[in-house]
Amino acid sequence: MTALENIVNEIAAEMRLRTDRGEVASYIPELAGVHPSAFGLVVIDAEGKVAAAGDCDTPFSIQSISKIFTLTLALGKAGDRLWKRVGREPSGSAFNSIVQLEYERGVPRNPFINAGAIAVTDLILSGHQPREAIGEILRFVQFVADDSTIAIDEAVAASEQRTGFRNTALANYMKSFGVIDNPVHYTLGVYFHHCAIAMSCRQLAMAGRYLAHGGINPATGYSVIQAERARRINAVMLTCGHYDGSGEFAYRVGLPGKSGVGGGIYAVAPGKASIAVWSPGLDANGNSRLGRVALEILAKRTGWSIFGGDRPSA
Amino acid sequence: MTALENIVNEIAAEMRLRTDRGEVASYIPELAGVHPSAFGLVVIDAEGKVAAAGDCDTPFSIQSISKIFTLTLALGKAGDRLWKRVGREPSGSAFNSIVQLEYERGVPRNPFINAGAIAVTDLILSGHQPREAIGEILRFVQFVADDSTIAIDEAVAASEQRTGFRNTALANYMKSFGVIDNPVHYTLGVYFHHCAIAMSCRQLAMAGRYLAHGGINPATGYSVIQAERARRINAVMLTCGHYDGSGEFAYRVGLPGKSGVGGGIYAVAPGKASIAVWSPGLDANGNSRLGRVALEILAKRTGWSIFGGDRPSA
Amino acid sequence: MTALENIVNEIAAEMRLRTDRGEVASYIPELAGVHPSAFGLVVIDAEGKVAAAGDCDTPFSIQSISKIFTLTLALGKAGDRLWKRVGREPSGSAFNSIVQLEYERGVPRNPFINAGAIAVTDLILSGHQPREAIGEILRFVQFVADDSTIAIDEAVAASEQRTGFRNTALANYMKSFGVIDNPVHYTLGVYFHHCAIAMSCRQLAMAGRYLAHGGINPATGYSVIQAERARRINAVMLTCGHYDGSGEFAYRVGLPGKSGVGGGIYAVAPGKASIAVWSPGLDANGNSRLGRVALEILAKRTGWSIFGGDRPSA
Amino acid sequence: MTALENIVNEIAAEMRLRTDRGEVASYIPELAGVHPSAFGLVVIDAEGKVAAAGDCDTPFSIQSISKIFTLTLALGKAGDRLWKRVGREPSGSAFNSIVQLEYERGVPRNPFINAGAIAVTDLILSGHQPREAIGEILRFVQFVADDSTIAIDEAVAASEQRTGFRNTALANYMKSFGVIDNPVHYTLGVYFHHCAIAMSCRQLAMAGRYLAHGGINPATGYSVIQAERARRINAVMLTCGHYDGSGEFAYRVGLPGKSGVGGGIYAVAPGKASIAVWSPGLDANGNSRLGRVALEILAKRTGWSIFGGDRPSA
């Protein structure tokens, strides 16, 4: 067993004993029914070696983690023109706040809060039929993960659509400022579907490898995005990836990451590893509680924090 | 000439030709009188080699950059108890906003906005006379810079005190919630004085070396702070170091940094270098315009971005 | 000619000469096409004598003035239970602000801002088909005006529906907090239709007489609402009837009133008169500019201000 | 006993039995020590007949009720130029909110929230010594009350000054925008002193008579202010006199009024009566709980609501 496998197994064992798991999201039955004690962790290093532990092959709803992939896709399609529609500053408020939109005339602060991700989705849609855009996003995720079995959980998508009044408010509000081009229900249809993509930790860690390695998937050798853009997506993850807990995540973990309300977190150790963790219980900011704890321990034991390793040895 | 010296000299030469310098701060005469074309850049690498260009030995008012040193000092004195007084999330608003204080009952969002830095200063003061606290802060800066000639510009401190109504409002507002312990004018006196410390780029790059090297000043070997705390200060710099331009700085430069309204920026390439740049013209968020541009070029040419280097070569 | 007729005619003549008319609402073509120089004024005193001048029989889009009638109707149907859904405090912000809804968990501040009127409409709808609710509201307006020719301008309703993204955002936002019971597009359908009722100043002054006379229409003798409720609707008009210009209207005019973006204002001199004025140009707060000026002069010349008449004569 | 005396006595008797008195202000010892069961009510009609009940001759701290008198005095001195310094719209937030000041660049919404009253005080001070301005305000109150025994409670003023961090924040914040001319501690010194004026219900009802009678004190015949200005002060009281409970007060009571945290409320029935009530227990908005209830009953039994009396009798 490698040192990394040891660390990953230890962390999974420690997490199994923890009881402070937070609350599983309950706004739709498909999420509410997930077992709170599930835990998975997968780390893929630069050489492609996989260290996996726990429920690492159980698919879960990736939810807002999908925003990494739609941002990558939209930057590829629209280029830096995207940044006219959405900012890249931390929001200083909750994931679904509408206050900032009023003060900044409909332009969301960053692509990782709901409003921003809806604006990014609208750019991907741009005149196509929702079904085509959904297909394009799914195929992109399958491509970066090199796994054509990844699918959308239609029951989740339908539940989101049925209960998504807050997101509908955000989209209509942006539409009133001209920040959304397509019919609102088209854009939201695509948004709700890509949030309903189901993936396991293993699939997610595979999918994100291009972010750890200058925009190239080292397994396939395919270039997904320019190196500079990969870096910049990592920067936006670091400052904005955990809603109003982004500062806390940077402070404790020290890795760029993006959380989803399904309990998953995708994280990057630039140049070193692609990481996915899953624990469904959430903290007050809507981020996986034990997921964050596990990553904090991982960063400490590996010395992967982007903010500096340990002291130079004497 | 080393490769790093070459890069530093090239950047200084390029910056000399730029005309988009932004506006020099004008709220006090001492800052308004600074020549807008001044530019200095100093980079000290892990081995202690110094690459310096431009006005690298001219002292300037470090202003909010002093917040790095007061945070370090306060963490050393009060430990994690400090985080009960101040958060570590980006604020999503301007450096002197009072709105957030009302919604969050007097607790500032992070130690790098004015309110947060005033709360940190109050912790350092804790029962002492202002003059003693000012002396302690100055001696700490002299110690980490290994330079006893560093001094406070008393004219700047006096001007700040005379015009600092907004900061006085922030301090009184926090006091009304019990977040400030000492008499408000004591705390503000110390705050205005440490913001008025004058340093050159060379002195500043020397002073911050412990942040790049796990809390140890590699030149002197002295331990300034625990390695974990150094990392965490870097994390807070990354998410909060440039007010409402922090996301932009992370996106473009990719290094933890802290700006001051005097036109200085201190930045860290963890494990690699301690960096200080100075150009007095500011952008709309109050950050040095060319300072940021210079650091963006530096990070690109050195590959020091913490968010990933270039693609793995074939 | 009576003294009141004289005053009304004089005001109309003075208004005809004014050039500072403000801007006609332009967000839908039906409003944008209204001639800016139109002006009508009708005052009906306690004895039922009508003083009318200008374009007093031209129907215009009453828009938010309809909120008086839906509030009356909803209070009749739901009683004080209505106040669990909507407050009765001035909003301190624009007519379509969504910020307050976030801070107060989806409960609008008063029934005269858009969000509040949508919540009131939802109460009237309560389980019926939209068409039935629209019919009920229209019949109520015809009843209080004693005029069955009053109709809805379907072109206006269709335009509102096509462009009403902000209102759709407000409604969905409230729905996410459970403040809206019916399907959002049902509630909005009814809302857009009652805002599209077209009335002349004469019809409007007739319709509101119950508010001036303790809840009874003195012409027909029919009791529309309890006396206390009529008073209270007047109170809400005074504090909230002109969005973020309500204080200004109270200060200058001193009468309870409700404005609409079509340029109409309905006002009450309690116990004395029912008043309607129309001038399509709007001020920065979205209230009829000359309409307010005309009412200010009227209140001054009649001594009808509810805040006190002239000094006691010696 | 007159009908009015009967009503006043009945109300006092009813209030004596009530147990839902709210909480007495406790931020300074002088207010915290007031007996919660105190209750006074005085009504002076247009002929000068006084109906008084309960603790109607016990002086209490008038606190924010003093803002009526400073507004009257400042309008007399500065005229409508005053409205460049302070608005006249309801604030939609608490009495000591600072949020609005940030969004509206230091200009308070109205003269009856703390920030607005501080700005008005600054106008009265305008270059004089604080002691002179305090004397001028006190003499003005003595003049309108026709009672030279009215005094400032120096212990209250000293306590306010010692604990008034929030007001100090508001004043410094406005100063930073140039809305305050004088040294902040001068302006606040005057403000804290006029809030500390002690008056009985009888003195207060006497003092406000000019507001009920077109600007003239009917007892003395002295003109205090123009009739139009008296009306307008009443209008601002109606829309802004009870902080974020102003709409509620208008809705329930229907009279212009101004509350103070000492438990007093001054109210006007224009043309009919000058009214003062005192009950120290406060509701959540900081307004006297039983004071409001008493005025609601008074307005109902007298038919004095400015929003309409009862139905016309058949």
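So that you can tell them apart, the chains are marked A, B, C and D in the order they are listed, and the count of residues begins at 1 in each.
By our rule, a residue touches a chain if its C-beta (ideal position, glycine included) is under 8 Å from a C-beta of that chain, and two chains touch if they have at least 3 such contacts.
Not measured: the values here are computed from a predicted model.
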{"item": "Lowest number of touching-chain links that must be crossed from chain A to chain D", "value": "2"}
{"item": "Cα superposition angle of chain C on its copy chain D, in degrees to the nearest 5", "value": "180"}
{"item": "Longest centre-to-centre distance from chain A, chain (CA-based)", "value": "D"}
{"item": "Interchain centroid distance [CA atoms averaged], chain A/chain B, Å", "value": "31"}
{"item": "Inter-chain centre distance, chain A versus chain C - centres from mean C-alpha coordinates, in Å", "value": "48"}
{"item": "Whole-Å separation of chain centres (CA-atom averages), chain B against chain C", "value": "55"}
{"item": "Junction residues of chain D, two or more chains touched", "value": "none"}
{"item": "Chain-chain contacts as defined at top", "value": "A-B, A-C, B-D, C-D"}
{"item": "In the complex, chain C residues that touch chain D", "value": "46, 87-93, 100, 109-110, 211-216, 218, 223, 227, 230-232, 234-236, 238-240, 244-248, 250-251, 254, 256, 268, 270-271, 305-312"}
{"item": "Interface residues, chain D side, partner chain B - complex", "value": "97-99, 101-103, 165-166, 168-173, 175-176, 184"}
